[in-house]
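Order of writing sets the labels: A, B, C and D. Residues in every chain begin at 1.
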Amino acid sequence: MAWYKRREISMGLTSLVILIFLIDFNLDIPTLKAVTNNLTTWGTVIGAFAIGLGYINMYQHYGRKVQRKTPGWPYALWLVIATTVVTLVGAWQGRTGDLMTFFYDSFVGPLDATFYSIAIFYMASAAYRAFKFRSVESTILLTCAFIMLLKNAPIGEVIWPGFGTIGTWLMNYPVMGVSRGITLSTTLGSVALGLRVLLGKEYSYLAGTGERKE
Amino acid sequence: MAFGLTDLLIIVCTLSIYSLLYKNNPFSVWAEHTFVGMAQAYAFAIALDYIRDYAITPLSKGNYWAIIPVILGLMTYFRFVDSFRWLARFPVALSIAVGMGVSLRAMIQAQFLSQISATILPLFVGGDMMATFGNIVIVLAVVTSITFFYFSKPHEGALGAGSKIGYYFLYIAFGVYFGNVYMGRVALFNGRMGDLLAPERLYVSILVAAVILATVYILDKKKLLAKSIGYES
Amino acid sequence: MSILKGYENQKRLVYIMLFILVAIPYFKPIGLPVAINDYTRDFYDTLVEMPEGSTILVHYGFEAGAWGELESQCVSVAQHLMKLPVKVIFCSTWGMGPPFIERTFDYINVGSKVYGEDYINIGYIPGWETGVAALANDFHSIVSVDYFGDSIDGTFLDDVNDGSDIDLVIAFECGSAGSGTFRQQYQVPFGTPVLSGAIGVIVPGVVPFYNSGHISGILASVRGGAEYEILTKNPGKGVVGTDVLTFAHVGVIIAVIIGNIIYFRERGK
Amino acid sequence: MSMNSASKSAESPYIRRVAGLDAIEEAIERAAEMNRPILSGYGLGTFNPSTLAALSIVGYVTRNAARTGSEIIVPAGGDLGTSIVYPQAIETVRSAYDDEGKLEDYNPENVVFLSESQFAWATAQIGMIHERNVGALILTGGYGPEIVALSEEAKSVGSIVIVSGGLYSLCATACIADYVLIGEEQIAAGAYLSRDPLQIGSIRGQDWGRLIAIALILIGVIAKTVGFDFLTPLLGL
């Protein structure tokens, strides 16, 4: 393999950049600050370019449905048309143009908000189906959930002011402890991964960039 | 406020998604496809804006460094070209490094040391039983929930007991989170209802809801739902 | 009754019940009193105690999805800010966040404040956490125009160079980038206090940082918005929204209780 | 491949097998018996520990599915940062089939990108759960509020549901799912499955970190209780 095709070069690049960020954070060197700012912007631009990777696949996926006339293909056709139109308008007008604002306000915005809100129904039916006083853990979960539901609704404290007190206590003591335990554990995981990447021991993110045996 | 095309579309989109709650139907499938396509087109427009603001504009102002991310960005696509696949490594390597660099640098201080020092609480507070009890609970919850995530030894004996307590603490947290999350979703649902029930939209909303419900119900009774969306739901 | 048979039908009944319960307050509001949380009061006190001429950075960390939940917070806080002797920068690292900054201004009265002198909307900051880091390290490297594409030269932003020129951050959040990002990029290096206006889901994740003193105050979901409206004597959508909470919360509790009754009766047979 | 991993495991240090892995194997078998596909997602995160762990779980699910002859669907997308992970997901699935010597069964169309918008991505998956009549739903990695919708919809078509996540995402699903992997458990599961001594070593290293954290807390708490608080100022440095 030619030397410039070696994986180690890109891994070295990764380590170098991480080190620059760490040094910049701990020492106040103006040149380094400018470098990290530039690198940060670059990361963003690369991410923006990468969007095409998924975009192409999405087109292929729905395009194939139309081509093969699989059941439900008219919906896929509508998707392809809608995507193409909005993409072209977006390229022409930019994100803040009149038509784009219309598409956002009339379609994307309400659809996004509605899907976000639909979770309430799934939560209610999940609670109805599964919240049963049948095991220790489900009883704990259910009791705490009831207390919080009553704490958060004004009626809870009208019925009994204790709901507010207990609910706040649960948030401030046991739940805070658990959140803290999880934060500590997760931080360890992230730092460990960071170290592996920094030391060039973790390179699974490079999968698929090597020479492939067919 | 006058009633316009946007108002009608908001109502149709919102109610089409909610119709999913009955069963998958032509309206919900239409909304799904509209959403997937348009949202992606939107993400694309956002990406174009990035590229314009942070690559093209600086380049036109004579900042030639800005060509580097453009080249790196284009290199992502070499994953699909067998003999140049190795080129795709560099943009990925740089993205990972920037992401890690930015998040790691403050993490140890902000999320590790400071959280430990905040947990260092006296287990006995003179004259205040509640504070004493509360502090004991916090320390116990932190220590046992960490124990729950300990993997190097089987959970037996003291470790087993600790992790079991940690497990129950996790379920307390699940319950409390449920209460909070549910409140949030109610608020979101309330936002949608507010949109539907605004005075100028109320009657149209009722009409559209009736049309959607009736259509779906009839299609369901006539066993035409599967045919209309292309699969059995 | 056949309609009550089978889980699928019962599930639909739960759904219909929720629709009806949430609609009731729109036609007949009840207006139960709302108690004020400590987090909310601390949020309020932090703002009121800001010295004259302070610069405050307000971040909209959400898009259409969470607007329903955070609207009452954003509107009441923005309205309050317009009454205080401070300068305010509005921004968002979420692609579709900036239009909601504009929407907020549709609902408030700016009074004697002048755009560009007292407040400004710098719009979208790309790059999530990396964007926030760039904003904290060298403000002008990443912002040169405002949301409307006009140059920011000559505005009060001329005096803002890095995180040390920001006296307070208010992060409305529904995930990342949120108050955690600002804690890491503003508070750790510059000691800037951070306030959080959070959706209900992430409040428990923010509370540890409130208790350890890293977050100075929290508004929790629509309830926090309602409390803030009451504190600033500016009742709005949040107060109405709390009626909805009462109905929907009692509704799900009743559903769960019925579910348990059915479950234990069937198990008893 | 399986021989290879067995020999590796003999050398690697102990880490506890997360019980959720047995549940995953069982779910795959059940799906195969019912002759229904498996939907295995890796969440909407960009490259981070939980996404990397989730990808190794996806690889494991795919190997098992390839062995039992089940079809596997891997939906990608969900966030602006996911595009860059997508090629790796393709590679993970492809090489899993390759490891089992069943590359001819690999269908690239099943590793599908479904929009960068979170809820559009989720809506499309709900559509898929019904359209393909998914028999097992195995979600690891980062998920938001959509996880409860996906679990409920999968349950309504009679699928087995195994999900993982943090407190936010599991609060409503903890009771409906057949099995949950909580927080770090999925990262450990990923390490366990990869059988990579380095990853296992890393989990053990983190366990040392956990022990240090516990020790610091306990020492600090005792010191503070007896009125000699020397640790808090040290940690604030």
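The criterion applied here is as follows: a contact is a pair of C-beta atoms (placed from the backbone, for glycine too) under 8 Å apart; a residue touches a chain by one contact, two chains touch by 3 or more.
Given the structure is predicted, the values throughout are model-derived calculations rather than measurements.
Across all inter-chain contacts, the pair with the most C-beta pairs is A-B.
Chain centres computed from CA atoms place D at the largest separation from chain C. One finds 16 Å separating the Cα centroids of chain B and chain C.
Measuring from the averaged C-alpha position of chain A to that of chain B gives a distance of 6 Å.
As a whole-number value, the distance joining the C-alpha centres of chain C and chain D reads 31 Å. Counting partner chains per residue, chain A has residues 25, 36, 40-41, 43-44, 46-48, 50-55, 58, 72, 95, 104, 108, 110-113, 115-121, 123, 125, 127, 129, 131-132, 138, 141-142, 146, 149, 152-153, 171-172, 175-176, 178-180, 182-186, 188, 190-191, 193, 205, 208 touching two or more of them. Shared interface positions of chain B, defined as residues touching 2 or more other chains, are 17, 20-21, 29, 31-32, 35-37, 39-40, 42-43, 46-47, 49-50, 54, 76, 79, 88, 91-92, 95-96, 98-99, 102-103, 106-107, 112, 114-119, 139, 142-143, 146, 148-149, 170-171, 173-178, 180-183, 185-186, 188-189, 191-192, 230-231. Shared interface positions of chain C, i.e. residues touching 2 or more other chains, are given as 15, 18, 65-68, 95-96, 126, 130, 133, 189, 200-201, 203-205, 208, 211, 221, 223, 245, 248-249, 252. Viewed as a contact network, the protein chains are fully connected, with every chain touching every other.
The touching residues of chain D, when paired with chain A in their complex, are 47-49, 52, 55-56, 76-77, 80-84, 86-88, 90-92, 95, 109, 112-117, 119-120, 122-123, 131, 145-146, 148-149, 151-153, 155, 166-167, 172-176, 183-184, 187, 198, 202, 205-206, 209-210, 213. The touching residues of chain C, counted against chain D in their complex, run 8, 65, 95, 128, 175, 201-202, 204-205. Against chain B, in their complex, chain D makes its touches with residues 13-16, 18, 46-48, 80, 84, 87, 114-117, 119-121, 123-124, 126-127, 130-131, 133, 145, 167-168, 170-172, 174, 182-185, 188, 203-204, 207, 210-211, 213-214, 216-218, 220-225, 229, 231-232, 235-236. Per the touch definition, chain C reaches chain B in the complex via residues 12, 15, 18, 22-23, 26, 65-69, 71, 95-96, 124, 126, 129-130, 133, 183-185, 187-189, 199-201, 203-204, 208, 211-214, 220-223, 237, 241, 244-245, 248-249, 252.
By the touch rule above, chain A contacts chain B in their complex via residues 5, 7, 10-11, 13-18, 20-22, 24-26, 36, 38-55, 58, 62, 70-73, 75-76, 78-80, 82-87, 90-91, 94-95, 100, 102-108, 110-121, 123, 127, 136-138, 140-149, 151-153, 167, 169-188, 190-191, 193-194, 197-198, 205-206, 208-212.
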